[in-house]
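Next come two complexes, and both contain subunit A; in the first it sits with subunit B, in the second with subunit C.
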Partner chain A sequence: MSTLPRPSTIFLAAITTLVAVLLYSPLFVPIVSSFFIISHGNVDWSSPTLSTYVALAGNHDILAALRTTLVVGVCTVILSVVSGTLLALYYHGRHSGRSILQFIIFLPFLMPPIISGLALLIFFREIGLERSLLTVVIGHTVFVLAIVYRTVLMRLQSMSRTLVEASYDLGANGWQTFWRIILPNLSSAMVGGAILAFALSFDETMITILVTGTQSTLPVRLWAMMRLGFSPDINALVALILMFTVLLCVLAARFLIPRQMATERN
Partner chain B sequence: MSGAGSTHAAERRLSQLITVLAFAMPVVFVLVPLAIFLVYSFFSVDQGTIVHAPTLGNYVRFFTDPIFLPVFWNTIVLCVSVAVICILLAYPAAYFLTTLKGRWRYALLMLLLVPLLMSYVIKIYAIRSILGLNGFLNKALVALGILDQPSTLFVFNMNAILLTLSLLLIPFAILPIFLSLERIPQTLLRASDDLGASGLQTFLRITLPLSLPGVASAASFVFVLAIGDFLTPQMVGGISGFTFGRILYSQFGTAYNWPFGAALSVALAIVVIAAILIGERFGRSRGTSV
Partner chain C sequence: MSQNTDLLTLRSVSKSYGTVPVLHDIDLSIRDGEFLTVLGPSGSGKTTVLRLIGGLEPLTAGEIRLDGQDISRMPINKRPFNTVFQDYALFPHMTVSGNVGYGLSVRHIKRKEIARRVAEALELVQLGRFAERFPAQLSGGQRQRVALARALICQPRLILLDEPLAALDLELRRQMQEFLKSIQREIKTTFLFVTHDQEEAIGMADRICVMQAGHIRQLGTPHELYYKPNCEFVARFFGENNLVAGKLGPVQGEQRPIETALGRLVCSISDQPHLKTAPDGASAFAAFRPEALRLADANDGDNRFSGTIADLAFAGSSTVATIMAGADNAAQRLRLRMPSRIDGSILKSGETVSLSFAPHEGHLVLA
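Our next item is the complex of A and B:
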């Protein structure tokens, strides 16, 4: 392992840089446009402005869509974490029927969203459930459930059985063992699953387009606006969401990953 | 939870409830909708209403109509190309990551995965503006002297779909390849070095074969995500960039033929399942034996 950069290393670094540029250029466009005025593809660098952010504060349509997205996200997180954890607890260590039901849980995640979305669309129509935010939440929950389930199940599998046995030996009953031993051990996996579920729900577009009623979430609202082109305040929104996302990532990396690694090492 | 069978009646009732829920939830919200969907593919439409009588008409139409099979095939070729482009870019990047040490490795991996969290719709829109007539790509090519004048080659056609999907899906290729490269024991590489192999020989004989499962998973991920997407083709494909996903989506909108759309979905599902099985087969074969 020489420390001098060899030609192959330079080549690899160059490709990696190219990939990073390719991945970030689509993010760069809206952020630059949120601070500068662009006309005919030329950026006017001379006059930075915050007018797009001011305009965003007055765009009730978009803010309502953002609120809807957050409501859907929170409901999806609660439903998917509760049911994903229950399913993981139920199937952990139980093998009859587990592989088949696990396969069913994973289907909406593996199948293209257009198939899951259309299947739900027809299903809701057959059972006479009007398209609304409820159907959106059901769609999102079905979609993200597999991720939460898997995260929690993997934690359960890495948990030592002796912990539970020790709890029973010391006279705790099933409830006490669950609340005092199992749940605290699962909590960081549940938080991790919740963050993933929220991130997926926040950006879910294809299923939502198919099962949403009159109230649309942010991605669907943006999708509808995109045909006509975006107003500049959308760029401000995008920049804000990106900053929030990066912050969330840094926080997740800072607090979640080291703790997980530490528990896995023990 | 081996203690669930305790004497408390409340606890037993709860565990029965959980059993019912554990089976009912996946069945009601996943299996039943998919089953109804499958049944729908055997129905037909007459004067805008769905006829609930079994027929093979939709499938016959799919195979005999000169429109659908070519689009289906072209879409598969398109998505395979997307997978190839993504892997060609992702492999060197993932390899570079594994040459880094400690914190840097994961920091850079994170950096390459963060764009995934950014709104899909916004990214498509931004990429379209980059590829467009007044876009950055054309400006750069003209400035470099490669083009005389801005070209419409990169937007509202199949090229645009290919480029946009590749840009969107690269991170999905990086992660599995990185994981498979990282799993290769360093001792193997050192042994190869000790035995006198050059860097290239070690790469071709040790690293590359051992990382192929990751490449297979990456290819199947990217392919499945690309073929299921109807937003990108709709947005950057224009009139000439017609993909299977778009045709399928239109059956539930303008064309209003749900049963035929369901039959097209079955065709799509079969391709997707095949891709997943192939990815699974090759993604596992060596990975577990190491």
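Our next item is the complex of A and C:
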């Protein structure tokens, strides 16, 4: 950067700041306003309060939605981590048909969620599966599978092939090699993938609306609340979800940085 | 551990990847207890030989025998060999002792026994203090020693080393060469060491197997390879050498002349029967080492020719002169190496001198 003349540096800094403010300031508005009371459609800036959060804690609909979200998230994580890891292992050891498998896994993630949701909805109706939390879990798993798969596969590909060879060379069989060498080296990628999968499942709205039965998840609940107009608890809820999601992403990043780099930095 | 019994024999071993052949009909015997170095440039197939023996790759044709038993189809984890990989392949999630003890723990040996033998092995490679460290916390040389300890703890019949010193800097590499050699003497296990570095090979090996383009070119002691190379490739690849092309003359006992641009050169052919039987007029090279070439004195009859000193390079203990000889003192480039002296070289750049080498220090290789 020092090679650039000073005026250009200032100009670039100004542009960067402007873009950052435009992109990220909307995120802070609900957080800030969640600490104030809204009366007659206007925010009353005079007295900060936590009352919206207290009201949220007493809202049984929200709490039920939160519980549903957590159940769906945990089930989705388990299903997607197990199947994503198995698919990555299969893909890694194979030479033919790779790109087709890859394409199929990524399709639901890349398609507009409404298309994926509708496809799933039609499919569930055809096979006579009632809409319920089960269908939501299936929908989420199909959606987030690509993330877990990709994360695990990348770790697998960066793992030196000689680790596996060394294990066999030292007398281990395939089973021992898998449990004692391959899996421990994948574990941080699996945890990172699981956290990302949970964050995606936590936020997912479109597919959930289409395939859920009577129970709603938190984002769906939020969607329903917004139709009745903005209320202070929406700000509080958005602020909480935002913070939780950021926390998950930070955690995921921690697990996805290769271990060796982390150790060398210390 | 007699060095005269064969431990492992490769018979007509070939290997192809798809349609690309990388080894052609290799025959090789490894003696029990020896330090055998497989030396060759990259792409010569040397690492493939090691991987075939270790069981990391299947053979395309031929067989591998251990104590006379065919083990060509024995799975890798059943072979009594262990490998030190080029990148060490230490398990990053295990401590040093976890790594070293792995070969024992997969065989369900009791914990106490494992702990005892791990401590022993780490003592042998002088890493006792590092038992609880992780590989990422070790230096290159230490990782290398962990890999060695991990390979020898299972008491293999043969330890395979795949360019294990390539990633180390020069000083450390020298230390590790001595270290490897002393360990090999101490545990009396056969070592098969693959490298592209001929200096490394000379320093450590009992015998060297020179490979090129999927063939074994020569197998012998470092001394044999250095002084009696059997082909142009070995003569050029193994150490610095002067090669002068020419046509063979008639055999004279243990010597044979060759007609070259430098005139008639007489070279020794003792212990090289194929040079006795080669026909007169066959194309060959006279080969003599830079340290065998010297300024001629009045007593020299044979192998006398003149040359112009094109360049003098001081290399510490020795000084190397680049000399142009042959027609108009320009056709043939030669090197001469002599001990350095504190009061400067007796040679001067641009000077024309009379040169010679003793017939018993010159050899012939067929072209």
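Side notes on the structure shown:
One rule holds for everything that comes next: the second predicted complex is superposed on the first by the 235 of 266 C-alpha atoms of A that agree within 3 Å, B and C clash if a C-alpha of one lies under 4 Å from a C-alpha of the other, contacts with A are read in each partner's own complex, and residues count from 1 in each chain.
By definition in this document, a contact is a pair of C-beta atoms (placed from the backbone, for glycine too) under 8 Å apart; a residue touches a chain by one contact, two chains touch by 3 or more.
Given the structure is predicted, the values throughout are model-derived calculations rather than measurements.
Aligning the two structures on subunit A places subunit B and subunit C next to each other without any clash. Set side by side, subunit B and subunit C differ in how many residues of subunit A they touch, and the one touching more is B. Residue contacts after overlaying the shared chain place A:Val72 against neither subunit B nor subunit C. In the superposed model, A:Leu23 lies in contact with subunit B only, and not with subunit C. When both complexes are overlaid on chain A, the residue A:Cys249 reaches subunit B alone and has no touch with subunit C. In the superposition on chain A, A:Gly171 makes contact with subunit C only, while subunit B stays out of contact range. When the two complexes are overlaid on their common chain A, residue A:Leu86 makes contact with subunit B while staying clear of subunit C.
Using the contact criterion defined above for the overlaid structures, shared-chain residue A:Met111 touches subunit B, although it does not reach subunit C. Once the two complexes are overlaid on the shared chain, A:Val148 sits clear of subunit B and of subunit C alike. Once both structures are overlaid on their shared chain A, subunit B and subunit C have a minimum Cα-Cα separation of 9 Å. In the superposition on chain A, the residues of subunit A contacted by subunit B and by subunit C overlap at 168, 173.
The part of subunit B that touches subunit A in the complex is made up of residues 1-4, 6, 8, 11, 18-19, 21-23, 25-27, 29-34, 36-37, 40, 89-90, 92-93, 95-97, 99, 106, 108, 110-112, 114-115, 117-127, 129-130, 132, 134-136, 139, 167, 170-171, 174, 199, 224-225, 227-231, 235, 245, 248-249, 252, 258, 261-262, 265, 268-269, 272, 276.
Put simply, subunit C touches subunit A in their complex at residues 54-56, 75-78, 81-83, 85-87, 89, 91-93, 102-103, 106-107, 134, 136-137, 150-151, 154.
Taken in their complex, subunit A has these residues touching subunit C: 160, 162-163, 165-173, 176, 180-181, 184-185, 259-260, 263-264. Residues 6, 8-9, 11-13, 15-16, 18-20, 22-30, 40-41, 83, 86-87, 89-91, 97, 101, 104-105, 107-108, 110-115, 118-123, 126, 138, 141-142, 164, 168, 173-175, 177-178, 182, 199, 203, 205-206, 210, 218-219, 222-223, 226, 230, 234, 238, 241-242, 245-246, 249, 253, 257 of subunit A touch subunit B in their complex.
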